[in-house]
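Take a look at this one; I'll ask things after.
So that you can tell them apart, the chains are marked A, B, C, D and E in the order they are listed, and the count of residues begins at 1 in each.
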Amino acid sequence: SKEGSTDEDTDQVVRIGYQKNGPLVILKSLGNLDERLKEEGWEVEWKEFQAGPALVEALNAGGIDVGRTGNSPPIFAQAADAPFTTLAAGKSKFYGSGILVPEDSDITSVSDLKDKKVSFAKGSSSHFLIVKALEEAGLKYEDIHPEFLTPGDARVAFEQGNIDAMVVWDPYTASTEINSGGKLLINGEGISTDRDFFLATNDFADQHADITEIIMEEVEDSSEWANNNHEELIEMLSPILKIDEASIKKSIERREYGVDEINDKIIKEQQEIADTFYQLNIIPKEIHVKDVME
Amino acid sequence: MNFHTEEPIHVQLAGVEKWYNELNVLKGMDLQAERGEFIAVVGKSGCGKSTLLRLVAGLEQSSSGFIYMDQKPLKSLNKHARIMFQDGRLLPWKRVIDNIRIGLPGEWKGKATEALENVGLGDKKKEWPNNLSGGQRQRVALARALVHDPELLLLDEPLGALDAFTRMEMQGLIESLWQQKKFTSILVTHDVEEAVALADRVILIESGMIMMNQEIPLARPRQRTQPAFSMYLEMIMDRIMNRMPKKNYIVEQNYQMS
Amino acid sequence: MDRIKGSMKQIVPWVVPFLLLICWQVFSWMGIIPEKILPAPSDVFQAGLSLLGTGELYEHVSISLWRALAGFLIGGVIGFLFGLFNGISKYSDLLFDTSIQMLRNIPHLALIPLVILWFGIDETSKIFLVALGVMFPVYINTYHGIKSVDKKLIEMGRAYGLKGKSLFFSVIFPGALSSILVGIRFSLGVMWLTLIVAETISTDSGIGYMAMNAREFMQMDVIVLSIVIYALFGKLSDMIARYFEKKLLHWNT
Amino acid sequence: MDRIKGSMKQIVPWVVPFLLLICWQVFSWMGIIPEKILPAPSDVFQAGLSLLGTGELYEHVSISLWRALAGFLIGGVIGFLFGLFNGISKYSDLLFDTSIQMLRNIPHLALIPLVILWFGIDETSKIFLVALGVMFPVYINTYHGIKSVDKKLIEMGRAYGLKGKSLFFSVIFPGALSSILVGIRFSLGVMWLTLIVAETISTDSGIGYMAMNAREFMQMDVIVLSIVIYALFGKLSDMIARYFEKKLLHWNT
Amino acid sequence: MNFHTEEPIHVQLAGVEKWYNELNVLKGMDLQAERGEFIAVVGKSGCGKSTLLRLVAGLEQSSSGFIYMDQKPLKSLNKHARIMFQDGRLLPWKRVIDNIRIGLPGEWKGKATEALENVGLGDKKKEWPNNLSGGQRQRVALARALVHDPELLLLDEPLGALDAFTRMEMQGLIESLWQQKKFTSILVTHDVEEAVALADRVILIESGMIMMNQEIPLARPRQRTQPAFSMYLEMIMDRIMNRMPKKNYIVEQNYQMS
């Protein structure tokens, strides 16, 4: 019987895009999903991406079926009419995202950022965060000098004093705090939720709802494991991320892994980001995030 | 596929002109070479001797007029001919022996070695052309042209870089090969003595035209010391040097069969 | 060749690109190429027009042009000089060639952290990267050109009392020129290519930025537009190089 | 040159890199170069050792080597063939050269979205990019090499009954060889360079991945390590190219 | 900076040997050229004539032995000499006139134009070397060597590609320039008549050694028809051709002052 089933079943492959710096890497390392889907006659191909946009790019081109990104790539994908749908969202991790300044910096509040060089990745959650933070502090976006850099490059510039502040997310935040004398000016609390989003191509989501369901279940389980086994988690992540354990510890301790069903609140958060990006001319048209979230 | 046929080829130029931009090098040439005839072309430096050979070899197209090979007009590369270039043109990346075998079909080894020995360079077989002396290079190029047994052999100052002794040897070589294989041949040379020694007919080019077309009806092997030889030599030299002839050339008939 | 008239010679090279363009447009109309994935040429043209209208395109291109030229001049001169010295002097060759060949192999993307370290995040670092990229093709081809100048002509030059500058300008340089021009032609391409990496370093202008930005935000029309612009610049650079080749290597025809 | 002994000739080229290394180490010890930003050579060496120990380095290098060689072979052959045809036939030249010069100028980074569309995210797309990168230097130098073969020698070959294959192998190819080898030498470098871009497309191995990953997480020691590896590969490629040059261009010395 | 001094230079070779790998080209040469002397070197193709000139020009180092210029040993490039190469070596990227001016200091234009006219190529001034005939190229190279007024002029078969007429003109040119400027000169030629016509002394190289060192004490201008001329010519030719001498060469003394 096995032979008969393998023949047809080995065709069934789900390609999952992940980033090292995300929850799926835990699931991949635990191996639970691979096992579970194998029972269903499915094989998992894990595809690593270094950045969210590249992952969405692959999703758009049908290179992967399912994937996870931060909160802004889905907005660009939707603006580009990519054929995808949102499976679920991750829990908010605003504690780990924020504005970092050097410890000995004169900048003590967001309003001090006026006329300063602030680095962040263009179109990232950090971009949204800084815009909102400035707004709250009564500043305009034009009041700062934005320096678009990816987190790794920004870190070098930060150490070298080329920039006055940088906006990033964990584990970069934690690592900079611990290793590069950075201090958090503010975190994302009340400004940005900085959720993960789990996406699937329309085709896959339509045809294999059962599989996406299983995937999300396993993500939940692995999140739960992660929340309850910090020691093991640190041990798991540190060789993968090649970041010191202290930074990893700091970053996982201030976040909660888990999955949230898409709800109005999340849709509203996302819509706000989309609107902001539209106003900033980052996306070319207005979108309704609801369209890809149901 | 050895393309040497028993019959050597007949060559005819009819009203051939050649212009390089504004420069009219050949101004209407009419010339016939019978099958197996040996023609020598002499003339001042820059008078168009090489140009003539290049036209016959099909390496250049005439500006007007026609060249016929065995009555068939020549349109492109002349497949019946092998030309020895004035500047040698050895391939620097091939050893001497491999330079000689270029384009030789089939069993080349024996032929090429023999040709090389004929020109006295058997010991330079494996040498790079860059390491040869000027005269050695010229002899390799000569060997390369001779080894092909062409129906039409075009030689552009083949012995210009050789000393008197080697030159005589090479003249002997060319003559004996020609007598053996009876190819039609056109030899450009600046040595009138050489022309008289080798050719059935000597042609003098001046101002782009054939100014003299002199049969040399001497028997072979020719002795350079015999009076008829000297007479032909002197006659042509006088014409080239624009000297007044010292004797009446009608007497030439006397020597014709000597 | 003579049969191909001058005007034909101008047109024929564009046949292949043009045919591709037409196929692409037709396939797009027919829906064989889904518009979401590869926008039709007309859409790309549209995108180009609208970017032109806002003046954005002009700004991107002009800032990139500046960076490109600055980097090209610096890198080209350095590459040329190294190629020169290493081509002429065996000592300099022995000392530097290995190091240059090693440097050449380092990808700009990997260098970026170090470049930020050394030159900060401003124009200097971008121009540095372009210069670095341009340097090597010029170096290698200059080096090769000089090494392959006919030794006999150099000997002649020296025997006729040429040395140093006069030997260089009379014999070595003209002899190496055709190869040097190949290097320059190549590096005119590299000049634009490097910008896309250089312009990932904190900037908000330049055609590299435009392309990468579009990629990030999945604006396929702009991506394709920038590819087309790159291609046209490539052709332009090539025409410039060819012009000089024709002019300077006149004797060789 | 005769005075420099054989062994010296082996050593001298390493003087500059070695001196740099020493300065760097000393400055690091003295704290002039902050360790966090540019780790000392000893640290880099350490990082290399530990990656070697885990077998990671070996894996990265070997997968990259495979991609590099596959791409090199494909791109090299295509570039060579195009260079050949365009160098020999004026019609082919007229038809394709412009298109190739335009393609050459398109940055790989901008092409990635299209490459993913065409070839997916697997090995094919990576090898495609390497092949594309390798193709152009080989093309340009083959083209130039063939164009600059002494016309008189070609004429001689034709007059001696060579044509087609025999003309090519006896005259054109040997005459163009030194230039073709320059192209190959160049493309051996490009081969590695392109990998870093190719390996940004979904992968979890390869030295380009290693470098970009390290850049992402600011592991300066690994970044510098990969730069050093690239540099060494550059030297290696160059030695291979030189070996062939020496062997094949024997007659020219 | 015109480096022509009133005094031509004295050249001495002492035990000069030259090896190319296993090939011993020159086997211990001893030779002196007095100030202003005109020496002609003849010998079979490949005997080492060009090698000798290259050694004297300082383009190659001898394997053993010394070369002295005015008693000073020659270590590297010979600054007193100008050599005309056997293979011309015109720069293809310079027009004819610019090829001639190479290395000419100061006011070159008049000189170069005059030199070009002297060799009969005034109208080819602006031509590319690639568009010249073989003999024209050689004459440009000759003009280039002559225009320098060197203290020592080395000519390596300067007239090998020329027809008899042009060749005589060029011989006349060389002789008259030499008489005017009195440079020391070494001429390699394969034309023994040329050697006898031009040189004060003819040297024959064979198997890497000087086998004959013959003064030609004829008055200038020399008539090729005079018996003494023929005698020297024949004597040298006999030696080269390894013929038995037909007359006793002691009689040469009779012609010495003719």
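Keep this in mind: a residue touches a chain if its C-beta (ideal position, glycine included) is under 8 Å from a C-beta of that chain, and two chains touch if they have at least 3 such contacts.
For reference, the UniProt names are B, E = Sulfonate transport system ATP-binding protein; C, D = Sulfonate transport system permease protein.
In this text, all values refer to a predicted model and were calculated from it rather than measured experimentally.
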What chains, if any, are shared contacts of chain A and chain E?
C
In terms of touching chains, how many steps apart are chain A and chain D, taking the shortest path?
1
Where are there more C-beta contacts: C-E or A-C?
A-C
Determine the centre-to-centre distance between chain C and chain D, using the mean Cα coordinates as centres, and give it in whole Å.
17
For chain D paired with chain E, centre-to-centre distance based on mean C-alpha positions, whole Å
52
Report the inter-chain centroid distance for chain A and chain C in whole angstrom, where each centroid is the mean of the CA atoms.
37
Please output the residue numbers of chain B that touch at least 2 other chains, ranges allowed.
87
Tell me, which residues of chain D touch at least two other chains?
37, 112-113, 117, 200, 212, 215, 218
Would you give the residues of chain A that are in contact with at least 2 other chains, written as numbers and ranges?
57, 61, 150, 152-153, 156, 160
Looking at the whole structure, which two-chain pairs count as touching?
A-C, A-D, B-D, B-E, C-D, C-E
State the interface residues of chain E toward chain B in the complex, per the touch definition above.
20, 42-46, 49-51, 86-87, 131-136, 139, 156-157, 160-168, 190-192, 237, 240-241
Residue numbers of chain A touching chain C in their complex, please.
53, 56-57, 60-61, 76-77, 79-83, 119, 122-123, 146-150, 152-153, 156-157, 160, 162-163, 282-284
If we count contacts the way the header does, which residues on chain A are in touch with chain D in the complex?
17, 20, 46-50, 54-55, 57-58, 61-64, 150-153, 155-156, 159-160, 175, 179-180, 241-243
Given the complex with chain A, which residues does chain C contribute to the contact?
36-37, 112-113, 116-117, 120-121, 200-204, 213, 215-220
Residue ranges of chain D touching chain B (in the complex, touch as defined):
152-153, 155-162, 166, 170-171, 174-175, 177, 249, 251-252
